[in-house]
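What follows is a group of structures, each given as structure tokens.
The two complexes that follow have chain A in common; it is paired with chain B in the first and with chain C in the second.
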Partner chain A sequence: MPEPDVEAGEVKISARDVQVFYGDNHAIKDVTVDIPDKAVTAFIGPSGCGKSTFLRCLNRMNDTIDSARVEGDILIDGENIYDRGIDPVQLRAKVGMVFQKPNPFPKSVYENVAYGPRIHGLAANKAELDEIVEKSLRGGAIWDEVKDRLDAPGTGLSGGQQQRLCIARAIATEPEVLLMDEPCSALDPIATAQVEDLIERLRGNYSVVIVTHSMQQAARVSQRTAFFHLGDLVEYGATDDIFVNPGDERTEKYISGRIG
Partner chain B sequence: MPTIWLILIVLAVAAAGYAAGRGRALRGVGGEGRSLHSTPAYHGANVAMKSAGPALLLLAVWLAAQPVYVNGIVSAMIPDSAVRDGTSLELTLAEVRRTARGLDLAVEKGLMDEEFARDAGVDPADMTARLRDSGAVVTSAVTAPVLEAARKFRALDAAGGRFMAAAVVAAAVLGALWGIGQARKGFRARNVVERGIEAALIAAASIAILTTLGIVLSLLFNTVEFFGLYPAHEFFFGTSWAPSFSGRGGSSELGVPPLLWGTLYISLVALLVAVPIGLFSAIYLSEYAGSGVRSVAKPMLEVLAGIPTIVYGLFALLTVGPLLVDVFGEGGLLGVSWQGGGRSVMTAGLVMGVMLIPFVSSLSDDIIRAVPRAMRDGSYGLGATRSETIKRVVLPAALPGIVGAVLLAASRAIGETMIVVLGAGAAARLSLNPFEAMTTVTAKIVSQLTGDSDFASPEALVAFALGMTLFVITLALNVFALYIVRNYREQYE
Partner chain C sequence: MSAASVDAPLDPPPRPKSSLLAPSDRTRRRRAAERRFRACGVAAISVGVLFLAVLAAAIIRSGAPAFTRTVVDVTITLSREQFERAEGQLLKTAAYEAVLIGALQEMLEEREERAPFDAASLRRILGKTGGSLREFFRANEDRIGRPVEFTLPASSRVDGYMNGRVSRDSLTDSRFLKAADLDLVDALAGAGIIHSEFNWPFITGADSGVDNPGGAGIGAAVVGSFFMMLVVLALSLPIGVAASIYLEEFAPRNWFTDLIEVNISNLAAVPSIVFGILGLAVFIQFFHLPQSAPLVGGLVLTLMTLPTIIISTRASLKAVPPSIRDAALALGASKTQAVFHHVLPLAMPGILTGTIIGLAQALGETAPLLLIGMVGFVARGYPDGFVAGFTDPNSAMPAQIYTWASRADPGFYEKAWGGIIVLLIFLLSMNIVAIVLRRVFERRW
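Right after this comes the complex of A and B.
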């Protein structure tokens, strides 16, 4: 197991010996990792290796899957999020998530973004809410496309627009950690560049974890990279090191396109 | 020959044709099934289809047409003078048919021979006596024209039957020969059979549609007839329902509003019970209950839907009614005397509400579960609680479907009969007090048609107008519900 490296900033999330089971399927095996604050961490690995599963551990979304069982400790700001005293609802307000498949609510674009701020009471009045919505939509690089149709249903947008709407929705609650599961999988190069810009900006204040299948994207946006293979965390370290000088044969094969 | 034998013969021909067609197709290619365009079974099926299909169709058409034809000829034979005073040609024809059947019976029992039955010289009085001896139902005295018509009827019927048997069997055999002739290497039997199956399915669908159409038309014609006897504006706007049974028409008051009011009032009470309980249990089952609870609770709820409505009616009459009287009646728990007897809008409405719970809950449960999981995840991922997620995401997404479910339940409530017959009472009343007995459209249809009623009187015909009214209301509700449900389907696509 590689030594935890905290050079990129303070440790925000620290996972110790995490195991995840779906029934009898051991999907995450013994993962120990320290995710820094104010930095972007990329999870890469072949399909089905457990990237999404591990990501969902970080805001306890696995609680909503009946068959899923999580063992080990995950600490955010030194606090174990699997403690009894922790309310997963509060945790998720702090640890936002963008899902692999875009899932806008069947409501208007505006209501989609206003959803989080409303339930958490982040806006005192309509004007403030309008402001939050606009800021988030700009952050999600979709403002220009939807500013004239804020009342149109979010489900009526194109796939890429929906994905950016979901990003805007996630950042509207101003989380401290943002988990993004393949946020650019349905985006064209222009929107991808905009989302990458956004990630770059978010890095100033948040800890961002991104799952991606694009090596280039991981290299471009992240400071640290974790490579998963069949539920194991094979290698974790500074992105430059991993891509230039992979320590494990499997990592090397994967990033050069020979397994996966 | 009895028709059932004819059908069996046709089927036997078809079966033999199947074997022959199959065999011939195979022999044609020297047992090499692969070089046929279609498998041998398709060639066999083609033969069976061609022999049984047209033959059975012919049989059906013949069976429908022959009585019409025979009746036409026979009625032309009956002189006006033979029609008894105060009756119609129709009734006389029925007498002819009865007499003919009586002759059949007598011959069968050996009381007279065929010769005698056909003999035109036999005295009608003698014949009447013999027929009565044989146990046939005959009118006081069979008249000469009727007897003669009956003889003609028998002759035509017998000849028709023989022709029919011959034609049907011939059709079956010819069809089989045609199919067998086709069973050659290159023949596309598979495609032909496919088209035959399509035709059979279309026929099934048309029967369903035509039957519905027939029911609607019969309702419609009788309704029109009713409005010929009773003024429409009094039916729709009259505030009193008081049919008389002694005289014919005239003194009857047949206003539908009191009945409609009872129907709607009881349905409203039922929905007030069923919708909240059904919806909340659906939410519990789909969102909160673990799979263990769900697997027990859901079937148990659905058992409610399997209870016959007459049982609910008994429950209303024997349990709920007296209970309500104990609470709301004279000297009851509340010290009020709102409810006089067991039967009331409340009694029927509460019990009907219980009956509708599984309707609402089962449909709503399916609809709520159809809301994609990703939708809930999105909400949980933003830090929403379970009830916030249900209130703000799941229910709004499922709402149109739930409204559809409620409307379907409403149309069930409006059409329900047994519970209101037993639980609501028989008094047609326009009143706001839910503890009073009232009656509904369905209950009155039952009471207007039970017993000896003359189907030509407005008192009986009104049942059709009532049925039509109900039909229009429930149809409108159903169409509206389907429209809403369909719109809702498109939402996640």
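Right after this comes the complex of A and C.
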């Protein structure tokens, strides 16, 4: 187990000895990792290695799976999110998430973005809400494409637009951490490039954690990379180091395409 | 496999050239199988449509006569003495009928009618009329002593003769109608005194006595069914949807919820008469709710409808993609918010479909009503108001149809078919409402 490297900046999320079980299946083993603020951290690894599972621990989305059990500590800004007193609803307002498959609500573009601010009471009136929606859609780099059809259904947009809409929806609640679970796996190269540009811009304000199957993507967008294999965190460090000088044989094999 | 065979590709064996234009044996067999399957499908649909057509034709052919009635136009002048004498008698309606027959006789004599007639034959031609005559004159005493034009129903046998149900050959002389009377009927029909008209009283009226099929109407039973459906809708939809949402979205999966689930499925298959006897024991004998009341009928049918609604609601909640729930939860919506803001609206079309199927079943149910006294009860009138609609004794459409079908007079047979047509129209309008609502709620995702 490599020592957590905290040079990259202020630590936003720190996980200590995290174990995840799905029934009897031990999906995450002893993961200890520090995720920096205002940077992009990529989780890579072969399918089924537990990277998405670990990601879902960070906003307690695993709570929705009956058989899932999480042990260990995950601290965000020093607070243990698995503490009894923590309300997952409040946690998820602070830790936004974008899913693998774009999943806009079957409502208008406007309603999609406005839903989060509305349930959290972030806008006092219609004008404020309009402002939040516009800001979020601009933040999601989709404003120019949808500003004339805010009333059109969000499900009618193209795949890439839908995913950017989902990102805009996630940042509308002003989270501090943004989790992205293979956000580009359903997108074509052009849409992927747009989303990657967007991630690059989001880095300034958020702690972004992205799960990806594409090594090139991890190399392009992230500053830190964690390599998972069969539930273990094999290696974690600066992206450049991981890709140029992998410390572990398994990392090297995976990156060069010989396992996975 | 040796190493050599991996490195050097094997020489492919020579293959016969095939033509894409000549179908192979496999293709031919596959196509034949496909054709057979399609033929089976078309045949199944055709049989279904044929049955439906036969059924519809039979219902319309047998039920249509119920919507026309044969009436006699007659002008009566009731003198003050006649009125007082009639009111003084024991059999008051009979006295009015005697006046009517007198007036009819006078009219026929004036017209020099050649067909033989007497008071007895006229009495056989006319239906039960005394009641309505008496009602009219008691309500309008100022019309006494002046000529009043009446349109009064003919007897059910004459009605049957005009509709083709009774013919001269099939008629055996009885105290109800003699073959000789038909000459008089023909003559009166030729003169326009007896004619057919649309049977409004059938649609708006209440049930009549067993000897008066001509006066029987289904209106009161329609009202009874309507109030029952209100009870069913108001109770089973909220309870059913709430139970489904809890079971599907919130309840933990354990042996207890499994048990509940199995029992709900079993409940859907319980014979309806069991619910009827439960309703009798619980609602009437224990809670002392009124007998024969649409309220009790509605409660019993609610029990029957609940499993249907719960099962279909759970199915439509399950059909909402989990990604929608995840999206809402990840935004920081609580579980309740995710369900009510996103899942429930998407499940709404399915819930409505299930509800309407449940209501349609309940609407057509007769057996449970047998046990709570809504069958065989003669629905003699309309309820006095909205509340009375729930608590006053009444019948329901299928119960009324069953009552008519079991009566001896063939005139009621016709009414039963007519009642079925009204029931089907009621059902169709319910379905149309459901389809419209579904369109309103339907969204793509």
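The rule is short, and it goes like this: the second predicted complex is superposed on the first by the 260 of 260 C-alpha atoms of A that agree within 3 Å, B and C clash if a C-alpha of one lies under 4 Å from a C-alpha of the other, contacts with A are read in each partner's own complex, and residues count from 1 in each chain.
The definition used in the following text is that contacts are C-beta pairs under 8 Å (C-beta built on N, C-alpha and C of every residue); 3 or more make two chains touch, one makes a residue touch a chain.
Note that the structure is a prediction, hence the values are computed from the model and not measured.
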- request: Could you tell me whether chain B and chain C fit or clash when both sit on chain A in the superposition?
  value: clash
Query: So, does A:152 touch the first partner chain B, the second partner chain C, both, or neither?
result: neither
- request: Based on the superposed arrangement, let me know which partner A:173 touches: chain B (first), chain C (second), both, or neither?
  value: both
Message: Per the contact definition in the header, classify A:116: touching chain B only (first), chain C only (second), both, or neither.
response: both
- prompt: With the two structures laid over each other on chain A, which partner does A:190 touch: chain B (first), chain C (second), both, or neither?
  reply: neither
- request: May I ask you to decide whether A:64 touches chain B, chain C, both, or neither, giving the answer as first, second, both or neither?
  value: both
- prompt: Where does A:97 make contact in the superposed view: on chain B (first), on chain C (second), on both, or on neither?
  reply: both
Location of chain C clashes with chain B - one stretch out of 59-67, 95-103 or 113-121: 59-67
- request: Identify the overlap between the chain B-contacting and the chain C-contacting residues of chain A.
  value: 59, 61, 64, 66, 89-93, 96-97, 99, 101, 103-107, 115-116, 119-120, 155, 166, 169-170, 173
Task: Under the touch definition given earlier, write down the residues of chain A that touch chain B in their complex.
output: 59, 61, 64, 66, 89-94, 96-97, 99, 101, 103-107, 115-116, 119-120, 155, 166, 169-170, 173
Message: If we count contacts the way the header does, which residues on chain A are in touch with chain C in the complex?
response: 59, 61, 64, 66, 89-93, 96-97, 99, 101, 103-107, 115-116, 119-120, 153, 155, 166, 169-170, 173
- prompt: In their complex, what parts of chain B are in touch with chain A?
  reply: 290-291, 372, 374-385, 388, 392-393, 396-397, 491-492
Field: chain C - residues contacting chain A, complex
entry: 252-253, 321, 323-334, 337, 341-342, 346, 443-445
